[in-house]
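Below you will find the structure I want to go over with you.
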Amino acid sequence: MTRWLPHPLVAASLLGLWLLLVESLSPGSILLGAALAVAGSRALAALTPPTARLRRFSTVPGLLLDVAVEVVRSNNAVARIILGAAGTRIRQSGFAFIPLDMHSPYGLAALACILTATPGTVVVDYDAAGNVMLLHVLDLVDEETWVRIVKDKWEQRLMDIFE
Amino acid sequence: MTHAADLPLWIALPVALLLLLGAALALTGAIGLLRLGSFYERVHAPTLASTLGIGCVLLASMLFFSVLGSRLVLHEVLIAAFVVLTTPVTLMLLTRAALHRDRREGSEEVPPATASHVERK
Amino acid sequence: MSAAILSWSTLIAALMLAAAIGCAAVRLLRGPRAQDRVLALDTLYLLAATLLLVFGIRTGSTHYFEATLLITLLGFVSTAALSRFLMRGEVIE
């Protein structure tokens, strides 16, 4: 199994992408998609990516739902800031250093993507030596609040999944 | 618009609302791109268009073509997946490049590479 | 009735997206720095993809999907390449 099909999850998603692209479930397209998926996953294995272990897969749907809710909420917040209806309080953007406890490369990638995809926060830099993430926040109240938001809301749950 | 004449009203209304919401969010993002003061603030603006902006339009398109063709159209999921996966990556690459350039020029706007937080560890 | 609703909403949405593309184009021309221009270009790609989807609904044609897909992929590759260039190229070394 591992030699013939090194990354079953990647192969399955490649097959899914192919079937979505051609929009058919005919035997021909499934066969071609399966061949492409096997070839793709073996090509990936040749690149020897770091191994990932997905523990507690059951929490992934809940996490994705929370990401969607957060995206909608911060879309509203950022739209208000841009259109200048954020109240009389003077808004200040700035950088925040977030010290992390997570070391799994896939977990860090997922965290960075979640934070960047959410309007209002962008991951600017990551320092592997100190395991510190540099974040730019559009509406920075204070750094400590954001450290707590990132750690409690996302990092803990991603650590449950990836480590 | 003859093809849409036989579309039921209860599907035309949500499609129209989603379209207008998505376009309005994309426009807000673009206005932000114009109005915000510094590069690091402007980076936040396109995320409006890349998340809910294109998301609403994709949802409207899925609804519309599914009802029109009376079969489930999932093509848009593919575009949504690409956009969701690629936009954060490009934004991170771009801000990283900008940070790199600003640090090389010794800009006061960005924090130095060795911040006090790192040294404390 | 639904034809009229859709006709008007797609028209207004297309106009709003056109205005958004205008904003991004102004930022692209004004800069002031190279990263601002690349960011504006990336936004332009995204807005063009959204506009094509609106056109697809307006004309009831599914042929716009492929174009949208291609534009999103091209936008990703070009922005990634330009970011690498900003990081490594154009330096007095």
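Think of it as A, B and C in the order they're written, each chain with its own count starting at 1.
FYI, contacts are C-beta pairs under 8 Å (C-beta built on N, C-alpha and C of every residue); 3 or more make two chains touch, one makes a residue touch a chain.
All values derive from a computational prediction rather than experimental measurement.
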In graph terms, nodes being chains and edges touches, is this line, ring, star, complete or other?
line
Which of the two pairs, A-B or B-C, is linked by more C-beta contacts?
B-C
Express in whole angstrom the distance between the two chain centres, defined as the mean CA positions of chain A and chain C.
23
Here the gap between chain A and chain B, centre to centre from mean Cα coordinates and rounded to Å, is 15
Chain B to chain C, mean C-alpha position gap in Å, rounds to 10
Give the residues of chain C touching no fewer than two other chains, as numbers and ranges.
none
Where in chain B do residues touch at least two different other chains?
29, 31, 43, 45, 50, 73, 75, 78, 87, 89, 91, 96
Quick one: in the complex, what on chain B touches chain A?
25, 28-29, 31-32, 35-36, 38, 40-41, 43-45, 47-48, 50-52, 73-75, 77-78, 81, 84-85, 87-89, 91-92, 95-96, 99, 110-111, 113, 115, 117-118, 121
In their shared complex, at which residues does chain C touch chain B?
1-10, 12-14, 16-17, 19-24, 26-27, 33, 35-36, 38-40, 42-43, 46-47, 49-50, 53-54, 56-58, 60, 62, 65, 68-69, 72-73, 75-76, 79-80, 82-84, 86-87, 91
Residue ranges of chain B in contact with chain C within the complex
1-5, 7-9, 11-13, 15-17, 19-20, 22-24, 26-27, 29-31, 33-34, 39, 42-43, 45-46, 49-50, 53-54, 57-58, 60-61, 64-65, 68, 73, 75-76, 78-79, 82-83, 86-87, 89-91, 93-94, 96-98, 100-101, 104
Write out the stretch or stretches of chain A touching chain B in their complex.
17, 20-21, 23, 71-72, 75, 78-79, 81-83, 93, 95, 97, 99, 112-113, 116-125, 127, 129-132, 134, 136, 138
